[in-house]
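Each structure below is given as structure tokens.
You will see chain A twice below: alongside chain B first, and alongside chain C after that.
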Partner chain A sequence: MKGKIIVCRCEDVTLHDVEHSIELGYADIEEVKRFTGFGTGPCQGKECMALIARIVAERAGVEAASVPAFTSRPPIAPTPLRLFARDPAGDPDDGAGSEER
Partner chain B sequence: MHWVAVAASAVPQYGHDFPVLTMVESPVSVRVEGSAYTGEGQRELPPRSRPWYACGALTRRLRADAGRGEPLRILFEDNSVRAFAGESVAVALHAAGRQVLSRSLKYHRPRAFFCLEGHCGGCLMRIDGVPNLRACMEPCTNELSAEGQNAFPSPDLDLLEAVDWMFPHGMNHHTMMTGSKILNLVMRGIVRQLSGLGTLPDSDADELPEVEELTVDVAVVGAGPAGLAAAAAAARAGARTLVVDEHLQPGGSLLADPRHGVAAAQAATTDAREAGAELRSRATAIAFYPEDGGGLLAVATPERLLRVRARRYLYATGGYSVNELFVNNDRPGVFAARAVGRLLVQHGVLAGERVCVVGAGDYAATLTRALSDAGCEVSTVDQRERRIIGVRGRTWVTAVEVDGADGKTSRIDCDAVAVAATPAPATEAPRQHGCKVELSPETGGFACLVDGDGHTSVEDVLACGDVCGYAGPEAAAAAGARVGAVAAREATA
Partner chain C sequence: MAFGSDLVIDRTRSGEPLPERAELVIIGAGVMGLSIAYNTAKRGLTDVVVLDRGYLAEGASGRNGGGVRQQWSTELNVRLMAESVEMCRRFAKELEFNVWFRQGGYLFLARSAAEVSRLEKNVELQRRCGIPVRMLDAEGARDIVPELSLDGIAGAAYNPSDGILFPWPFLWGYAQQATKLGVKLHTFTPCVGIDVEPGGGFVVHTERGSVRAARVLDACGAWSGEVSCMVGVELPTWPIRHEICSSEPLKPFLRPMVSELSSGLYFSQSMRGEIVGGVSLPNEAPTLSMGSRLKFLAHYSRRLVSLIPRLGNVKVLRQWAGPYDMSPDGNPILGEPPGVPGFFLCCGFVGHGFMMAPVVGKLYAEWLTGGDKHEIFGLHTLDRFHGAGAGDVAKEDFNIG
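Now for the complex of A and B:
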């Protein structure tokens, strides 16, 4: 049967794209993410990360447990920016967080 | 041919106390044989190929309106759609027989929800002039206007779908630059017009809300079976407990499980509230910032941002529905099994008339039985015996293609597919704390590593339920009660 097998719905990444990335040598999960763009859409990998990690482990012939998750960054879910407008941590003169960084 | 809707008896096992609509043929035979849910050979099976939700008053809704919220009218692409207060835009549109909600950003493939839980990015719509809202997380309000995105002229018929046909093997953007600078600029201009995620909102954000600071003993994230049990246990043990949950109603996977349902979710919620826990719905834990004054959990609500500090953080975030790999696995009509269960159990809406359940396990078996009792024609594809290789249908599923053990391909006609794969643990927030997770296929993905008391690898963080690997709602509730008590003891020590 012909047609696309979608692994990441948000960014329209296909199984073919992931396999192509691994063939080119971008084979660990962070590299596959950067090459294909999977997990960078509105869902941030909620639906696809476990699936693609399993593919990466299979193709590399390694134990599943040795494949790390990609870095999770805020925000975890789509958030309107207006909510942050008055967050004290967003103000460089005031926020405890920003000064330490 | 004429069809009439007949209200039959109530469905106590789902916690609803209102009648079921049973479809019977008229005037050939009008028979009311009790609830569509009782099973045992007395259900009315709708005959095949009947467009029963396309004829105006009739919908995919199973039951009469008695147990629903107030009736409303919403607009989808300027067409009026009947809806009810308390349900999401995605549910209302599906119940009204609407199909394609939007188009995907690159190939303009048809899109509808897959998970119905805010996690798949399949139902992004422009709602009341705001782009990229998840239709499954937005409650219906009167005269709300929902439009598809990335579609010209409409989500059902999008001319830009040509991109999908032009690149049958996909588009590798790394190799699409030409040698000419000018040509590249022109190409970039065209591609940016063709793709993307919606257009800017109609108006600016009106007022900017203040943030709210909250300090508690135990912060529980997720109000499913594990979170509600944990919150009740923590509050009973004397800890000041806050539970945040992203959904419109608390209950999590209980609301998608025919063995539990609305009544069980309400009972667990009441129990947590009576124990003294503060529960906030539509409150999403969006980040943990360890560097911010000893650690800060950011929680987004539609009104404002909450900055939560707690002595113990307890994650009961459950799991995300995941898909299987087969051709056209993103086709509208391919749903997560839990979305099909949620439509049926929480909303009294059928995912389709002929549902194909893909996968094995307890939940798949339960769902198969419940759908069949509700009058659906159900087929099953046990992936251990035969594999699904793809689905047919241009904008909606019409059949699945299955590869048998003998190597022959067979076709099963259906108008909905329920993919029952093991849910993937929702570990984003614990990972931001630095908690160790491990990938294993049995647990559905990257599961939080915990000891018997729910301690993760980080001192003030605990986890319980499906976030530690899928175990189902009963095991999650038991773990929640145990771990909630531990968190309370440590937080108040």
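Now for the complex of A and C:
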């Protein structure tokens, strides 16, 4: 049954996949992300992160609030390359766009 | 995605304490440390502990573009990489882990006569080493990648036997097999100090306890200098941030990794269908920061869309960064530094350690287990940068991206 419970819709990750990752020792939320691929699709974790953080916390026997989200990656939403290509920060000699996210 | 068997790989998670002693402690569970651990264990030296301060794939081994190529400018690197490619081909079978290795080739694009002659010189060397690489004109490049804009393209070098892999499972495969053979892997175990024992050997102190070790190997990539300082060894290496990004998945259309010499642009299509790529940014100051910047994404997008205009409508899903471990002559630093016998270095791979790791791990393990000492361990030493013999090593100038 756990192999049929989808916990990340973008990448078809099941509850079983998440539990298998934790059993192997890949139990940190960053490790679970890499081992199962959850949160690496179009939603970038916006739909699935809270649910999987709760599973990770339960298995580790800690409060859900103590499991941090995995590192969020820009851009905020999927964005066409042509829009970035027009950005003035694309001139490498210009100092624009140097803020870190 | 689902990988692996029902084996507990990570001792930290199972609550196991560090062992009191080990023959070899490897600091850094990146691809280099894990490849060395797997290969030493395979050769019978299983009393090995691998430490990492974070999780597997947290450093540059989990942040690179997965390219594996034989197009290099020194004969040594061409021959080493030819062996590494063969090892990548056999990896899934030998280590029982699918690393999604795909030999779609590497296409290097030149935009000037000078760049063309640079490629021609390398191609001549590579062909002498038996690599099936060839020069192409602009039209020939478009036969390989029909979507290319030929505007300003002066020529290209194409080797069909280069390829790409998915970096993360490579680490898990090495970790799983090394563990099965008896290697102890402890992640989230930062090394905080190393005592050099007067009678030989070391005590490696971590936040989770100490391990006595006959030998220690530093394979911490861009962080290697922090560890070598603990035994009084200063490295001439420095970290440079390289950013990279991934698009939404597309139907497979792009066979090779494509790289533009003039900008350091590189991109390939992963087995998941994403376009994964990066570009060089000029005048970058040394940093271990892994923050992401709009400056990178805008410059990358500009270069990529001008080369393949049709990609303009493809969406970027995410960007990230990792450090290159730069060395003064573009070659790695290996072996025992002067004055600290039993302490081994494996760093300075200038952003290409991942593809070198299969062969370097094998060669290192041969040496550490009493077998042959390959010439790289005599050539690529720390003391080549000082005193007699300094500057005798052929400079590798084809570190692209």
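A few remarks follow.
Throughout what follows, the second predicted complex is superposed on the first by the 92 of 101 C-alpha atoms of A that agree within 3 Å, B and C clash if a C-alpha of one lies under 4 Å from a C-alpha of the other, contacts with A are read in each partner's own complex, and residues count from 1 in each chain.
In the analysis below, a residue touches a chain if its C-beta (ideal position, glycine included) is under 8 Å from a C-beta of that chain, and two chains touch if they have at least 3 such contacts.
The structure displayed is predicted, hence computed values, not measured ones.
When the shared chain is aligned, chain B and chain C each come close enough to touch A:Gln44. In the superposition on chain A, A:Phe84 contacts both chain B and chain C. Touch criterion met: A:Val67 reaches chain B, while chain C stays clear of it. When the two complexes are superposed, the chain touching more residues of chain A, out of chain B and chain C, is B.
In the superposition on chain A, A:Arg34 contacts chain C only, with no contact to chain B. After overlaying the two complexes on the shared chain, residue contacts for A:Tyr26 are found with chain C alone; chain B is out of touch.
Residue overlap on chain A between the chain B contacts of one complex and the chain C contacts of the other covers 11, 17, 20, 35, 41-42, 44, 71, 73-75, 78-85, 87-89, 96-97, 100-101.
Looking at the complex, you find that chain C touches chain A at residues 1-4, 6-14, 55-58, 62, 168, 172, 187-188, 247-248, 281-282, 289, 291-302, 304-306, 311-320. Here chain B touches chain A in the complex through residues 104-107, 109, 111, 114-115, 118-122, 124, 132-134, 164, 168-170, 172, 174, 197, 205, 208-211, 246, 284-289, 291-293, 296, 298, 300, 304-305, 307, 320-323, 325-330, 389-390, 401, 409, 424, 426-429, 431-432, 437-441, 444-446, going by the rule given at the top. Within the complex formed with chain C, the residues of chain A that make contact are 11, 13, 17, 20, 23-28, 30-31, 34-37, 40-42, 44, 71, 73-75, 78-85, 87-94, 96-101. Every residue of chain A that touches chain B in the complex is listed here, in rising order: 1-7, 9-12, 14-17, 20, 35, 41-44, 46-51, 53-54, 57, 64-65, 67-69, 71-89, 95-97, 100-101.
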